[in-house]
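Accompanying notes for the structure given below.
In order of appearance the chains are A, B, C, D and E, and numbering begins at 1 in each one.
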Amino acid sequence: VTDLPAFRRPTNTVFQSYALFPHRSVEQNVAFGLQRQTVDRAEVRRRVAEELERVGLSGEAKRKPAQLSGGQQQRVALARALVNRPAVLLLDEPLGALDLKLRKQLQVELKRIQRDVGITFIYVTHDQEEALTMSDRIAVMNRGVVEQVADPETVYERPATTFVAGFIGVSNLMPGEVIAANGDGAQLRLDAGPTVRTPQSGGATSGERAHAVVRPEKLVLSPVGEGGDAGRPSVEGQVESSLYLGTATQMVVRLGDDTRMTVLVPNADAEARRDLPAAGDSARLSWSDENIHIVREGQAE
Amino acid sequence: MTLRRRGIDWLLNAYAGLALVYLLVPIAVIVVFSFNNPIGRFNFIWQDFSLDAWKHPFAVQGVGDALKTSLEIAALSTVGATILGTLTALALVRYEFKGRAPVNFFIFIPLATPEVVLGAALLSQFLNLGTPQLGFATILIAHIMFNLSFVVITVRSRLIGFDRSLEEAAQDLGATPWETFRLVTLPLIMPGVISAALLAFALSIDDFVITNFNSGSTITFPLFIWGAARVAIPPQIYVIATMIFLFTVAVMILTVWQQRRAEKMAAVRPDDAEPPLGPPEPAFAQRAAA
Amino acid sequence: MPARLRKAALPYLLLLPGLGWLLLFFAIPLLYMAVESLKTGTIDTGFRLTWEFSNYTNALSDYSEQFVRSFEYAGLATAISLLIGYPLAYVIAFRGGRYRNALLLLVIVPFFVTYLIRTLSWETILSDSGIVVNTLQTVGIVSGDGRLLDTTVSVVAGITYNFLPFMILPLYASLERIDGRLLEAGYDLYGRRRDVFLRVTLPLSMPGVVAGVLLTFIPAAGDFINAELLGTPRQFMIGNVIQSRYLEVADYPTAAALSFLLMAFMLVLVVIWARIAGTEALLGTEGERR
Amino acid sequence: GTDEPAGSGQKASEQKPIAKGKIADSLYIANWPLYIDEKRQSLQDFQKKYGTKIKYVEEVNDNTEFFGKVRQQYSQGEAGGRDIHVVTDWMAARMIRLGFVQKLDHSAMPNVDQNLIERLKSPPFDPKRDFSVPWQSGLTGIIYRKDKVKREPKSVDDLFDPAYKGKVTMLTEMRDTVGVVAASMGADPEKASVDEFMKAIDKIGQASDSGQIRGFTGNEYTKDITKGDSWAIIGWSGDAVQLQADNPNIQFVLPETGGHLWTDNMQVPVGAPHAFTAEKYMDFVYQPEVQAVIAAYVNYICPVNGVKEVLAKEDPAIANNPLIFPDESFLKDTFIFRGLKPDEEQQLDNAFQKVIGA
Amino acid sequence: VTDLPAFRRPTNTVFQSYALFPHRSVEQNVAFGLQRQTVDRAEVRRRVAEELERVGLSGEAKRKPAQLSGGQQQRVALARALVNRPAVLLLDEPLGALDLKLRKQLQVELKRIQRDVGITFIYVTHDQEEALTMSDRIAVMNRGVVEQVADPETVYERPATTFVAGFIGVSNLMPGEVIAANGDGAQLRLDAGPTVRTPQSGGATSGERAHAVVRPEKLVLSPVGEGGDAGRPSVEGQVESSLYLGTATQMVVRLGDDTRMTVLVPNADAEARRDLPAAGDSARLSWSDENIHIVREGQAE
């Protein structure tokens, strides 16, 4: 495809900066692509109207881009691309320029429209949450190299590399040494002390260095001493800080080997929160085997 | 396809090249003929190469004084027009006040008025008043007058792209209004002001028409050329022209360079960057739009 | 409180010097000229105000030819400048790359050679025995005994040359502002180069065209130097008449009347032009503000 | 030390001549371009002799243009600092008529009385030379390129020969052009009627419209003829002489029907700050040896007797040139344009200005 | 204060757009304020250096703002304001222009610096999470009117008005009618059916219309039928959509009266997620009394 001139390619792009034609009205903007492909007048008008309808801008058809809000401009850019029914639609950080609330709202809308028209969207974003919520499949790129392609859940639960782990969500990386690895899992002696078992070996071979990854919400925080259910693997450390997020409380725990672990404690019920350890207290972090995951050094960029 | 495109590109570039040649040929001629060694008075048939004219560029009686007068007037009128114009521009861009639109229009009229008319009108006034006596003073007055609008418009175009929050910031940090102007506003519009000054200087030193009306017995460089042109232009004049030319080019290169630096830092949108001698484009666009 | 008061007065204080100057040496002189234009008399007997409005009708009927010619030539020159200037500005803006400023400098270069001299230089270039004429004669474009100098061709060529930069600079300014991503978008939406140029680049450069046309046409229509040096009375424009009526024949009333007529025509044209082109220009600039 | 300026607008006759005074230390002369030797010897000598610094400004490019410039001041008795201006006969006449110039005291100018050539002693507009002293005189005739024309033009009619279409120029000075053409049509410009002049103007107009006449020029015709852009033109003798020096193909001929003899005159404007010194300078340049330097350079008709002799030694070529030192027989083919009444002048000027397109 | 000219006020501001002086170097920018108040040279130099140290830009002192990254520019703006040790520092969306990751990082830094210098920061932001995590007290403004001033927890757990409830976090507003209200709580008959008790009356009087608010993470989702622990109040509805957020799954449930309720289910363990109801299933939402809160109609903007 790349060696076709742009105007021959069966794709369209929604530009990071929208790149709307300032001198053309909304509908003229949307019509631009069709007019280039000798579609007859009436047809053009019909499809433009339909597309504006879809993005809910029928009212603004005659306006000039400069007279629209950021969100509306974004929708025009979208309509302008969609109206051509490309095989693939490339969206380059389409919501990057909008403020939080508007972004959230347009995310939902974009999903709706995508389902509606059934075109493949390639959606470029820096916002991990956006990535997780919007996509069927995510490709995480690092310095132009794809590090993992998978469905959101896999990318989040089982990041392929430390970069992915760090980029999507908060990563808790515990360094250690693989002491045993085979088809159904591996054993890792953490520098923090305990030895842990992971469900997959992630191709690690015994003897090599690797990281164990646990997501913050998968960690259970309990006061030291009372052993918790001994079955579960756990590490100990000292609470460094505690941050109230509303839906949850985020705590940072420093382990023996100075690795920082982030724990997300849902604010399910108030008293539960009240007896959370405060900064300075020492605490135990435990998790269930299935929630730990191994990432090999090598893959760490 | 791509072949055809390359063809078009080539043609376009060639065309542009020719356009540039058209712009430069006459200047080449001037430079060349400044080295001519004409037989008799007339210097428009190439005889042979000579440096005489370059050795004594001011040998021709009176040309030195004329040039001096021109430079003095250009310098003074540039200073005057730049100061007055900048103040006016500030008022126009920075303040909402009664009668701003009419003022804007009034500033524009001189630009839409042919030089002949400007000169003639001013002359009728001087003639009717009888004073001041036509000469240096009247030329200076005239030059400041026709430079003003150009300055206003050049500076204004710069001010329009100016980020006001910078001034708020200065005030927030305890700067008095005057300090704010001196330390923040002025440095940032300086490139615009410099462009304006350059433009004014160029227009002033080059002006014949208006000057011719109001010069009395004072003779500026263009007036001298006008007189000489009725008889014969000695090569010395081409020499001086070439010298002025080279000098201005040097100045230009310097300003372009320093403006580039200015633009880099400036808070105004980079697309406000104007060629140093850039015309009052935005203003005209605005006027045209009004 | 006084502070408030001062604030309110400030814009007017800033305006005072500049505006005052223009009032004193532009507006009032026009009044004097208005009075002048209604007088009768001869240079010897002196002129008396007799509200001779026929001065205008006479001036118009006597010199309609020169009026028409002025606008003819100015229009021609403007059109040609646009044809020459647009591609050049386009190439500099989009292909100039690192050399943009250098190329721009070349465009402005003619400014740095005194107007009169660069016009005289054309006299040399176009003279009957010069290279240009000879080659054109051998090619057969110009008849054997034909000539370029002292013809419409030479005058229009001179005008075009002298005001071309006024066309190019605003064109460049507006082209250079166009956001490259808009063109990208144009191609992405199946636009061929032609489409993208006609539908995106051209409309967005309208402010430049508007400004350029104004900046070229206005001085061109008022010019008399080119006709004087490169033409003969048969190419004389209204500017020539005004200046000779004023400075040579000392027929002030007619000269003043002509001046006003010229100025009036000019303003009318400008306003009309602004109305036609206005909206376009407005939108163009609106676009950049984003 | 300045002298009492005479009140303006006074009738010439009642005016008192310039009072004697002492030589001022500065003097302002307004003259035509290139109308004096390059070194400006006379100025330096004058300064050596009287210690007067002379401001010599070449501000007169055209009689009417100059008149337009100074009219306002002169009419208010202001000379704009000028002590001497040099204008052509008819303009000198107008200046006198308007009382713009001061009456000269011949007792202060012995050399003038003694050396002024006969032909110029009493022109119609200033019979006793009370208000004007000739600077240089000249002839208006035909200048042509020997190498371009097919045969030597004898009369002005030859300029209307279609063979020279577009290669003919005439002068913007109405009296020069109209004078010689009218003469070629059988009129005598010394006393011709306005109608005869108007006829000439019509003829010129037709030729101009037909493109026969390339254009109307001031001094700048010298360029065209040298370049060869024009072949046969109406021009001035002095230029012809100078041009010849550079290009022998350039020739001057006095039309059989008569050429125009004109004079550029020095005058002292009313309100001149150093009128007496001005007289002194006029007298000064009427010394043959001083005048010789000027004549040798400008090559117009020299109004001063005795110069020929001075030059005979140094530069016989000039001394024997009839265009510079014409004998009476030569001068009989010349006429001096008659003085015009203001209304006549207005009429002819307007008509002529129309023809030449300005 | 407001009628003092700006340059006399004892406050300083960090502008939304930083408004750094492009023609002055970093240190000149920072020095600007002090130079205005006749502080002697050496002193100025000392304090500027110290401030740059604090924001970690000592290295860039000589650079021009245009040569700095967004984050660095932000820090310069901060230093420029701080160096004057104002009584109050106003920050107008100081991080608004930065991208997510950088924002998070600078939030932490800002907190550190604030603790460090101990100046009162007034911090304007649109980002609810920012508000919650950064502040000691939050003032929520709506159309220039302050609707609630309180510590983050109170604002989140017990929003005073429906606007606040909606603005900070996702709000679940269940309309209903107050049937009883007194000092220690109120009873509300929900349009959705059940009658609920709330710990405080929020000044509501019986008979009036009001909303019950429950935060998404406080809701427990269980299949219909199995009554759950009958003690807990609950409502029934139909699952409309399910969105994977990584740390949690967000489900939208439509109640009988068409009120939409958002539920946040922590992704604590995988199988728990697996048997979450899918879109279309009907489900029961329950909560504990203490987590429900009453907001009166009137207050709803």
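Keep in mind that, in the parts below, a residue touches a chain if its C-beta (ideal position, glycine included) is under 8 Å from a C-beta of that chain, and two chains touch if they have at least 3 such contacts.
These figures come from a predicted structure and were not determined experimentally.
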| item | value |
| --- | --- |
| Shared interface partners, meaning chains that touch chain A and chain C | none |
| Steps in the shortest chain-to-chain touch route ending at chain D and beginning at chain B | 1 |
| Topological distance between chain A and chain B, in contact steps | 2 |
| Chain closest to the middle [Cα centroid of all protein chains] | B |
| Centroid spacing, where centroids are CA-atom means, of chain B and chain C in whole angstrom | 15 |
| Distance between chain centroids, defined by C-alpha means - chain A, chain E (Å) | 21 |
| Between chain E and chain D, distance of the C-alpha-averaged centres to the nearest whole Å | 96 |
| Sequence positions of chain B contacting 2 or more other chains | 44-45, 127, 226, 229 |
| Contacts with 2+ other chains: residues of chain A | 5 |
| Multi-chain contact sites of chain C, meaning residues that touch two or more partners | 123, 127, 129, 246-247, 284, 288 |
| Chain-chain contacts as defined at top | A-C, A-E, B-C, B-D, B-E, C-D |
| Residue ranges of chain B touching chain D (in the complex, touch as defined) | 39-42, 44-45, 61-62, 127, 130, 133-134, 216-217, 219, 226-232 |
| Chain B to chain E touching residues, read off their complex | 163, 165-166, 168-177, 179, 183-184, 187-188, 262, 264-267 |
| Complex contacts: residues of chain E adjacent to chain A | 96, 99-101, 126-129, 132-133, 152-153, 156-157, 168-169, 215-218, 220, 243-248, 264, 266-270, 288, 290-291 |
| Complex contacts: residues of chain C adjacent to chain A | 179, 181-182, 184-192, 195, 199-200, 203-204, 206, 280, 283-284, 286-290 |
| Interface residues, chain D side, partner chain B - complex | 28, 30, 33-34, 38, 40, 57-59, 61, 69, 72-73, 76, 78, 80-82, 218-220, 222-223, 226-227, 242-243, 245-247 |
